[in-house]
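Note that chain A is present in both complexes that follow, paired respectively with chain B and with chain C.
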Partner chain A sequence: MQRLEKRCRKLTPYFFILPFFAAYLLFSVFPFAFAFFMSFTDWTGVGTPSFVGLGNYIRIFTQDAAAQKSFLNTFYFLVIAIPIEILLGLLTAMIIKDFVPKARGAFQLLNFLPYLTAPVAVGLIFQFLFDWDYGTVNQLLASIHIENDHIYWLGTEGTARFVVIVVIIWRLFGYSMIILSAGLSTISEDLYEAADLDGAGWFQKQLRITLPLLKPILGFVCVISLINGFQLFDDPYMLFASQAGQPFGGPNNSVLTVMMNMFQASFMNFQMGYGASIAYTLFLIIFIFSMLLTRMMRREDC
Partner chain B sequence: MKRHWKRIVTLTVSAVMAGAMLAGCSQEAGSNSQPENPTVEKESDTSSVEAEFGASPSGEVTIWGWDETEILKDHLAEIYPEVTINYVTIAQSDLPQKIQTTLASGAQMPDIIQLESTTRGKMYSLDCWENLSEAPYYVDKNIFTVDQLPVSVDQDGNLLGLPMGSVPSAMAYKRSLTKEYFGTDDPEQLSKMFSTWEDYIEKGIEVNEKSNGTVKMFAGLSDLYNVLIGQTIIPFTKGDKLNVEESLTPALEELTKMKQAGIVDTLEEGSPALMASYADDVHIFYPCAQWSPRWVLKPNDSRDGAWGLMELAGGAVNWGGGVYSIPKTAKNKEAAFAVIKWITMNPESAVPRRDELEVFTAIKSVYEDPEFYSRTDSFFGGQDIDKMFAYTIIPKMDETNVRPLNKYDVEVKDAVSSALKTINASEDGNVDVTELIRQIETDILSRCPELSK
Partner chain C sequence: MKSKVFRTLRRAPAYLLLLFTTVLALMPFYIMFIMGTYKNEDIFKGLKLLPGNYIAKNFETILQGNVIRPYLNSLFISVLSMIVCVLVSSLIGYGMSKFRFRGKKFLMTVLLATLVMPYQISMAGYMMEMRWFQLNNTLWPMILVFIANPFGAFWMTQYIGSAIPDSIIESARIDGSGELRLFLTIVFPMIKPATITLALLVFLWSWNNFLIPLVFVTDPRQYTLPIFISTLGGAYRVDYAAKMLNLTLATIPVLIFFSIFSKYLIKGMTIGAVKE
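Then we have the complex of A and B:
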């Protein structure tokens, strides 16, 4: 009996942590492994999947022009929108901290609001703003005589991409600003006072004090923005796919991102296996880029 | 020892509680063999129904759909008192995804699902629907109006859904504008005046000249495409070969011709601008399905007597509509079939469906009564549009002019929306249709590698 009691006592901690690990295995590890297995099959979501080897992965890189374009589009949005978004977030955080310290909370909330807005609402707002015929932007351009012919913002490749970039920056810069504001608050005011005594100007202080000390936080923001950028879905989806009659990936798939392509393959074309292979390819890319970025930042620290 | 017993008791109680919780999650919880609603125990005369449809079904029937089928709940309760209807409203656009994730996860499918026209071909390609023309259902397809047969069967001719109703379409017009520019607002005269699409182009050029280009014949390309593509039955695919060049070229050429003539405005499908245009005095004609007056025209224009309805140029078209299908894994197939059989095959159902849902039935025999569908509508200036749809347009619809379903309808529609944007973006309509077709082919082939040119 004593032995049983001893064994029970030993097992008790495992019993308590079991729910978490059971949930973790069920909702994280199993789907992850299942999707990996599915990526080598032609499963439609119904019936028995057949093994196709690397066929799905080969299709992404050799046959599927839309998939290739989706990777290019995603890189395009990343390269253009993410640096602007981070830079804008950083500048806003610096300006709010130094020039409007009393109304800091209000300004931070104001800039953070777009991030809190539901993507559906964002999609609708920008559809209205950039409507070809009655859009506010076209009306504004016409009223100040910059462009009298209405621009078909959501109808041509270049302008559709431009609108998506504007939406990304508008929605996400507030998030970067909040994280960077938190980072700014950890920098000692003594350093700035010392710099003031030495006669440093505002730009010099930001360059010599703020940026070097903010590097770890900036690194975090860069990695998070990179991951979010690769997983871009809501903004282009809500701008185009949410409205009947609009092409899913914008005009000539110009705003089709990898995640949208994955969604389309899995849930619209019923190619779950192929969708899983797109997801895994994206996972590998994000993994490689995150590792590279983290390593680069560590090296700079050394 | 005392501690040991405490532990045993604690563990037993925990196990019982956990078991109870899991039982709560079980799908079998609460047998549905008993009627849940005591009010349905009231007496009703079901003898004639039972004689026609066999034994009285019972239990809960779950329906996934987007329309107002729920309104028929009371009628169904009278006829099948042992059946409880659980109608779950799901947006049309979300249904395919919902069905697929339910199938993929192995969760319980509902007993009945409404399938809309664009995604139906793709849904039918999933091997998950009861074949209603075979045992134990043996539905006689001939009971339905011929226009609904091509859109109710799969590519092998199996009846996988019962048609919710006929969906003829026509051309709606603004009376004040037709009077001003064509001298009449009489539907018959206008139908004769615009018997071909070339007539629209010819008269449209005149309207442009008279109005200095401010008044357009049509608001946008999308609805015109829906009608034009519905007027040809050339399939999008032939076996594993893509056939969009043959099937899409005539419609796209017609649209570019209209664009070149300057008779189509640039308003996009579903856009606020298009919705607002119904109440303006700028756009004259709008393709109009049987469901359009209730769901599109009236919500966007409150003017009484401003509209008229005439026949379409180029022939009648089936536009939209749905079917009721039973999944193979449905729990209560017998009751599900009884329910959809009453809604879609029993002429008695045509009355509440006409009066309460404002939809037409697809039961052929109902149309033998020439007065069954007759309703003057002040919105249309007192015109009897139901009569026109039912007795002038539906008889002109058959297998020769109703486009059958295709597994690739979704991919084609998406690729075409991109092509329509290209036409829309061109100021003068000088777009190379052959190049558009190439783009559409590339788009579809990249998504469907099993197809070839």
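Then we have the complex of A and C:
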């Protein structure tokens, strides 16, 4: 009798973790593994799949110019947008902490609102702001007589990319600000007071004290921004894909991101197998970056 | 007196930069709102920076469309995802933090490794699975994906591990409380701050989720709010003013909701970045 009870006790923890791992196996691990299997086939989603080995992956890197361009585009966006976004977030966080400490919560929230907004909605708002005809940006430029000819923002390659970068920065800098603010609050005030005694100015204090101490968190924000940035889909999709006369990836595929390319292959052209191989190529990249991330987090532990 | 003026002057660049980012952050929302208050034809006639007086008429136009349904669908999906995810996460959090068992370390490593892995990667596999279950063209694919959330599990494990003293659990056990009752009546009420944070995060993710409904939803009766917004993008030059008012109504109420609880949200988002 007692032994039975003891055995029951032993099973208790499994009872608590069961719902999670059951759902995890069913709705995360299985689709994940199955997509991996699909990436080696030419499956369209119906009929029987036939194996093509590494064919899909080879196709990405040797034949599919659009796919290659989508990887380059995504890198390009991130390399330009993330440093600006983080710098803006950092400056905002520092200023809020040192100059308006009483209104801290309010300013943090206001700058954070873009991040909370549905990216689809963000895409639509910016589609409106940058419309060549009635868009606010062009009307603003016209009203101060800088540019009387309406700029076709979303219609040419360079400007289309510019708009996407603006959208990324706008939506994400508040996130960096929030994370970096949390980092700033862990730095001891004593350090700044000591620097004050030495007669250091604000800029010097930020440069000599804040930046070095914030390095690990800056790295964290950087890697998280990259991992999230690789999945860029909603806003560029909304900016271009839904517009009349615009090709799916914007003018000349100049804003086609990897996720957009995956979506197009899998769910518009029904090349499910090929789409899965695009997703897994991206997975490999994200995997490398998340290894970096876990290593950084671990170092912080000690 | 003089030094105070001098100090403010010296600080001016900082204030200006903060003002700049704040205005930058709010401007698109403001313009979206303003455009919704004008007559469509007037939008094309030059820059508008002050509200117009056509909002009631635009509102009438909107009500002719199908606005309520997407809102209710999104609400249903997000609330259900939130409840199930919080419950499942607290259960595993309790199991992982307060028990010793075989395989625990391995499971924890798996959780950590998949913490930042996006589910979008497995979209094609998920699509096929839902087809086999005959759940495509229902709202379920949008809910099921949030049940087992590695972040939720991780967050709850950490929180319960540090917030619930072992002695409380021990004494409840000595009193003869069953394990499930112990969890529901003692542990769960004690972890309220963590459940609120997780609930808000799941609600946010689910509410803004776009890719999954884009893949699965074809029937307009199952439109979620983001899908509805994407149809507003539309191919035709229709009523832009009504479109913008529609967008305002789709975004602003939920932003106000998040603002009220922003403290909890921010707490959840900064976890992992900073050890407290």
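The criterion applied here is as follows: the second predicted complex is superposed on the first by the 271 of 302 C-alpha atoms of A that agree within 3 Å, B and C clash if a C-alpha of one lies under 4 Å from a C-alpha of the other, contacts with A are read in each partner's own complex, and residues count from 1 in each chain.
We take it that contacts are C-beta pairs under 8 Å (C-beta built on N, C-alpha and C of every residue); 3 or more make two chains touch, one makes a residue touch a chain.
On a predicted model such as this, the values are computed, not experimentally measured, just so you know.
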item	value
Fit or clash between chain C and chain B when superposed on chain A	clash
Touching partner for A:152 - first (chain B), second (chain C), both, neither	first
First (chain B), second (chain C), both or neither touched by A:218	neither
Partner chain(s) touched by A:163 [first = chain B, second = chain C, both, neither]	neither
Contacts of A:67 with chain B and chain C, given as first, second, both or neither	first
Touching partner for A:247 - first (chain B), second (chain C), both, neither	first
Which of chain B and chain C A:268 touches, first, second, both or neither	first
Touched partner set for A:33, first chain B, second chain C, both or neither	second
Chain B versus chain C as contact partner of A:294, first or second or both or neither	second
Which partner reaches more residues of chain A (counting touched residues only), chain B or chain C	C
Partner chain(s) touched by A:90 [first = chain B, second = chain C, both, neither]	neither
Contact residues common to both interfaces of chain A (with chain B and with chain C)	45, 127-128, 133-134, 243-244, 267, 272
Interfacial residue positions of chain A with respect to chain C in the complex	10, 12-17, 19-24, 26-28, 30-38, 45, 88, 91-92, 95-96, 98-100, 105, 107-114, 116-129, 133-134, 136, 139-140, 142-143, 170, 173-175, 178-179, 182-183, 185-186, 202, 217, 220-221, 224, 227, 231, 233-234, 237-238, 242-244, 259, 262-263, 266-267, 272-273, 275-276, 279-280, 282-283, 286-287, 290, 293-294, 297, 300-301
Touching residues (chain side chain C, partner chain A) in the complex	11, 14-15, 17-18, 21-22, 24-26, 28-29, 31-32, 35, 43-44, 46-47, 87-89, 91-92, 94-96, 99-101, 104, 107, 112-129, 131, 144-145, 147-148, 150, 153, 179-180, 183, 204, 207-208, 210-211, 214-215, 225-226, 229-230, 232-237, 240, 244, 247, 250-251, 255, 258-259, 262-263, 265-266, 269-270, 272-276
For the chain B and chain A complex, residues of the former touching the latter	4, 7, 93, 96-97, 100-101, 103-104, 122, 125-128, 222, 266-273, 276, 410-411, 414-415, 417-418, 420-422, 424-425, 439, 442-443, 446-449
Residue ranges of chain A in contact with chain B within the complex	1, 5, 8, 44-47, 59, 63-67, 127-128, 131-134, 152, 155-156, 243-248, 251-253, 264-265, 267-270, 272
